[in-house]
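Below are structures written as structure tokens.
The two complexes that follow have subunit A in common; it is paired with subunit B in the first and with subunit C in the second.
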Partner chain A sequence: TRQLLSEPERQYIFDSVQDAVRIDGRQCLAYRQAALRLDLLCYATASAQVSLGETDVLVSVREEDNPGATAQQQGSTGSSASSSSSGPVSVWVDCSCLGSGPEQQQLADEAQAHLSSLYRCLRTPTPVFVDILLLGYDGDLLDAASIAASAALMRALPASLLSAQALPLFATVHRIGSQQIVDANQLEESCSMARVTVGVDSNGRLVACQTCGEGSLQFESMTEMIETGVRKAMMLHDSVAKLVARVL
Partner chain B sequence: MQSAPDDEELDSLSIRLVGLDENYPVRLNWNDLGVQFSKQSIVVPGDRLTRSREFIPGHGTLRRTVEAGSGNASFAAGRRQKQNDDNAEDNDEDDEDEDEEGAWELAASVAGRQHVVNKLLCVLPGRSRYAGEIGDVVVGRVQEVASRRWRIDANARLQATLHLSGVLLPGEDLRRKSEEDERAMRAVLAEGDLVSAEVQSVQADGSLVLHTRNARYGRLGQGTLVRVPPALIKRSKTHFHSLPCGVTLVLGMNGYCWCGPTPGQSDVREPLASPADRSEVARVRACVRLLAVNHVPLYDTSVMQAYEVARESPVALLSRPDEQLRVARLVAEQLLTAEVGEAQPGGGGFGLHSGDLISGGALSAVH
Partner chain C sequence: MPLDRYRNTALVDGIDVRALPLAGDSPAPASQGKQQQQQQQHWFQRRLVQDTVGSGYVEFGDTKVLCSVHGPMEPKRSVLTDAGAEQSRAQLQVYYKLAPFASHQAGRVSYLPDETERRAASFLQDTLAPSLRLDRLPKSRIELHCLVLEDAGCCLATAVNCACLALVDAGLEMYDLVTAATVCRPVGATDWQLEVGDGSNSGGSSSVTLAYMRSLRQVAGMLVEAAEPLQPREVSAACRICEDPCKMTHSSLRQFLLDCLPADDRTAKIA
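And now, the complex of A and B:
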């Protein structure tokens, strides 16, 4: 969702990024501190909550024991049938905590589309449902949601499967003026003209890539941003793997 | 986390696993600082406020009948007072005859702090939208340019309006606004512009009418907006602060706070702030946020104290919960000591009243 901003505000945010002093004092390639909580929901196979600044995402991963019943259920609901037919991992994003306007709905729909395509290549023995609840939004939703989802999936899926298939993560890089920034907050997202979101699995393989925004990117700057994204995604992978390993 | 991280660490991501760390700090606990909440002052919905009939029910209260003997209250006959009801007293008079014989009591309809002015009893909610009072300084964002007025988001329940007659046009202060002025309204304020204004009146439906008929109000320039709960802003003599660190801070009573670099005296047209100025603005912004997160009342002294405490640490660190808690705790301690010190000479003045801190603490206690 783009925030309504005045021209001087936009200018200020833009100049701040150019000076490498972002409005919350971070450097261009720094993430906000994220907090990860694991296993909050008792009825899910695994769950995780990630709060990245004000962005707050709760993910529950549920394995279906009875695949036959699932197919029936999916047939009746209809709306999520398309996502489940594409792979055994189906993603559902709910944003009712943020509001019920069309903007929020669009935000959730986009996130759902991106995350379903990220997990499309993942094969699991039983259907897996990844339900994502957005509790707060202050930018960089895809990264936060994918961190939470991959932490929860790591807890839920059997080790044999995880060693065979690497879990992917999203990292989003925005371009503002001549600078690249990661983990943009909502204000910075409103000022960004172009962004690149890369999906990188834990082996460092690029599995998804998307550019978005009103502006256009030159080829050199796009490759630069993809490289930055892959580097940041590997850092995210490292941190998540370390944290989840501490619990196991 | 105890050692100050260097730039290298700030540049990288640090995810923290919550749950393993038992004492992961989240928010300031006012009880730890020795603030005692009296059971009477903090109420949750349904709490009985009084049985005495001498009080007038105000905002955030409801009246319910009490069955004789059992002492149980029933909501059925009680009439709910709407929070934004402007004329609670009038309703009271209307109901007087219905409730003549039944015993009734006043109960809280919102969670918050009990507040008594003479006979009027109300509950000030800890978290709500801005209710508005005449004369308050607010910061708002223009949402829409309508005919002869701007519609402004001022964090109130309804959009506030700023009439064309309520603004000061450059150069000419006292004249009728013509049709040309109407056509050029976007040159004065366009959609998305931030504006500081004063509440001129509160309409019967609770919507606010603003005016900027004073040189210090008007469009805000470069800077950023921080949103905090309106209950945390302490009403004070001035809400425009030029801090010594080169930052202008506007603490709007509606919870919208604006911080930006103080424009230089030499050349007003100079649009660019230096990186040093930007980092000071970012620091003040982070201070306002960390105080708000920890429910410390916001006014010039508290922000400046937070700034002094946070001066040594890197700005990016101030968005981390543990550092936020450390700074907020020190500020709260200083404010409490100042409060105790001030109570000796007889109180009053512009110092902190105990109610302000307790209202801050009440938020964390209630929510």
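And now, the complex of A and C:
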């Protein structure tokens, strides 16, 4: 889903970001107010809802004890759950709430590809299904979805596993002119020149990293953006861990 | 027609010339060291598919990729992109497909695009778009079809190189040539190795693919596929390692295109 913007509006957003002012008054490297709610669904092993501005994501995590049945079930939907190379965590993204057009489909496909790559290093004893339902979209879907998925996984997975393997989170850094911004909303996303998405585990190591969007970058700015992403993701890790601990 | 020394044109019961030490530009055996790997070269051909506006074919080691460009054609109607800035530039649509017989290890590849193929298509789209002057073709759509005939590793980078060749062959205006290279590292190892399409990387290793525009000195795309958590500086180091092979591929692709220019030689080869 791409926001329609006229050229003067685009210029306005661009210029204000150059002066380190964003349209909603945030700092360049500040996130919007986020709300996290846990255990909303009673049939899921764990669930979480994250709203980051207008972006609203509901995640259900379900552990399957009977892998044979689920492989069959998933095989019919074309998910990569049955292939051993993708690891036992399979991700499914659905944004049918937003509409059924090709743009929504593309958004869901891209998010699914990114989030599957995020959990590729994670090994669990039983297959785990992470179903992500997008209820509202205003930019920065990957960060919101990974926060929700991470919070739900923290509740669902046994403590021994979580202490051995660190859960990863996404941080997306956009470049607008000479400024870097995080947590871009839909308007800012459509002005973004290039973006780098980093998946960082809680030890500060990268598990996924990709440039996306139709823009190119200098080597130095790419490295800078990766560093910013790692820094912001570590900050997110702290906040999520604190919030989940408070509920427990 | 120029003599094609690169490929084995022997009869079925002939001797495999690639086994002979004389064949200098034959693919290096998997066990050989780094020196052999750096000699690995791309083999380019264009205009392989006649019914398209442009097409390219690239062999890199045993990896073979064929790309064709269709268009400009009518853009897909979309409610949101019907008006405004979206109409002022062309839409680039990339399709990426592994042939059913492409993979040696994984068996037959399904006809339905799986997640890796969709991901590769979106990577190609994001990588090639910065190099194209899409604003020169308003209200139109360009389709790029990328078919991996044989996958012996490094097929995403080879696909980028091949797609770039096809786009140039189609006569689309570009800012720069995009070339790509992949380095990989098995789990537990410390050194990145350049992937050369010899089938040595049988999955389970981390890889970094970098697409680079040499003249602009800009990164068009970067993709990390981690099999284990990596330090950020290791990823930066891997990107730096990719830079040189990207530059070399840029030179050879450029030379190939220059050689094609005067005589429209369809089977020219870069030495």
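Methods note: the second predicted complex is superposed on the first by the 239 of 248 C-alpha atoms of A that agree within 3 Å, B and C clash if a C-alpha of one lies under 4 Å from a C-alpha of the other, contacts with A are read in each partner's own complex, and residues count from 1 in each chain.
In the analysis below, a residue touches a chain if its C-beta (ideal position, glycine included) is under 8 Å from a C-beta of that chain, and two chains touch if they have at least 3 such contacts.
Everything quoted here is computed from the prediction, not taken from an experiment.
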If we overlay the two complexes on their shared chain A, which of subunit B and subunit C does A:Q186 touch? Say first, second, both or neither. neither
Between subunit B (first) and subunit C (second), which does A:V230 come into contact with in this model arrangement: first, second, both, or neither? second
Touching A:Q105 in the superposition: subunit B (first), subunit C (second), both, neither? neither
A:L206 contacts which: subunit B (first), subunit C (second), both, neither? second
Which superposed partner A:S6 touches (first subunit B, second subunit C, both, neither): both
According to the stated criteria, A:Q27 is in contact with first (subunit B), second (subunit C), both, or neither; which is it? first
In the overlaid three-chain picture, which partner chain does A:G215 touch, first (subunit B) or second (subunit C), both, or neither? second
Residues on subunit A touched by both subunit B and subunit C 4-7
List the residues on subunit B that touch subunit A in their complex, please. 7, 10-20, 24, 141, 143, 190-194, 219-225, 260, 271-273, 275, 278-279, 281-283, 285-286, 314-316, 318-321
Using the touch definition from the top, list the residues of subunit C that touch subunit A in their complex. 76, 78-81, 83-86, 112, 114-115, 118-119, 122-123, 125-126, 129-131, 203, 213, 216-232, 235-236, 239-240, 243
Provide the residue numbers of subunit A that touch subunit B in the complex, in ascending order. 4-9, 11-13, 15-16, 19-27, 29-39, 50, 53, 147, 183, 187, 232, 235-236, 239-240, 243, 246-247
Where on subunit A is subunit C touching in the complex? 1-2, 4-7, 10, 78, 80, 85-86, 101-103, 109-110, 112-113, 116-117, 120-121, 166, 196, 201, 203-219, 222-223, 226-227, 230
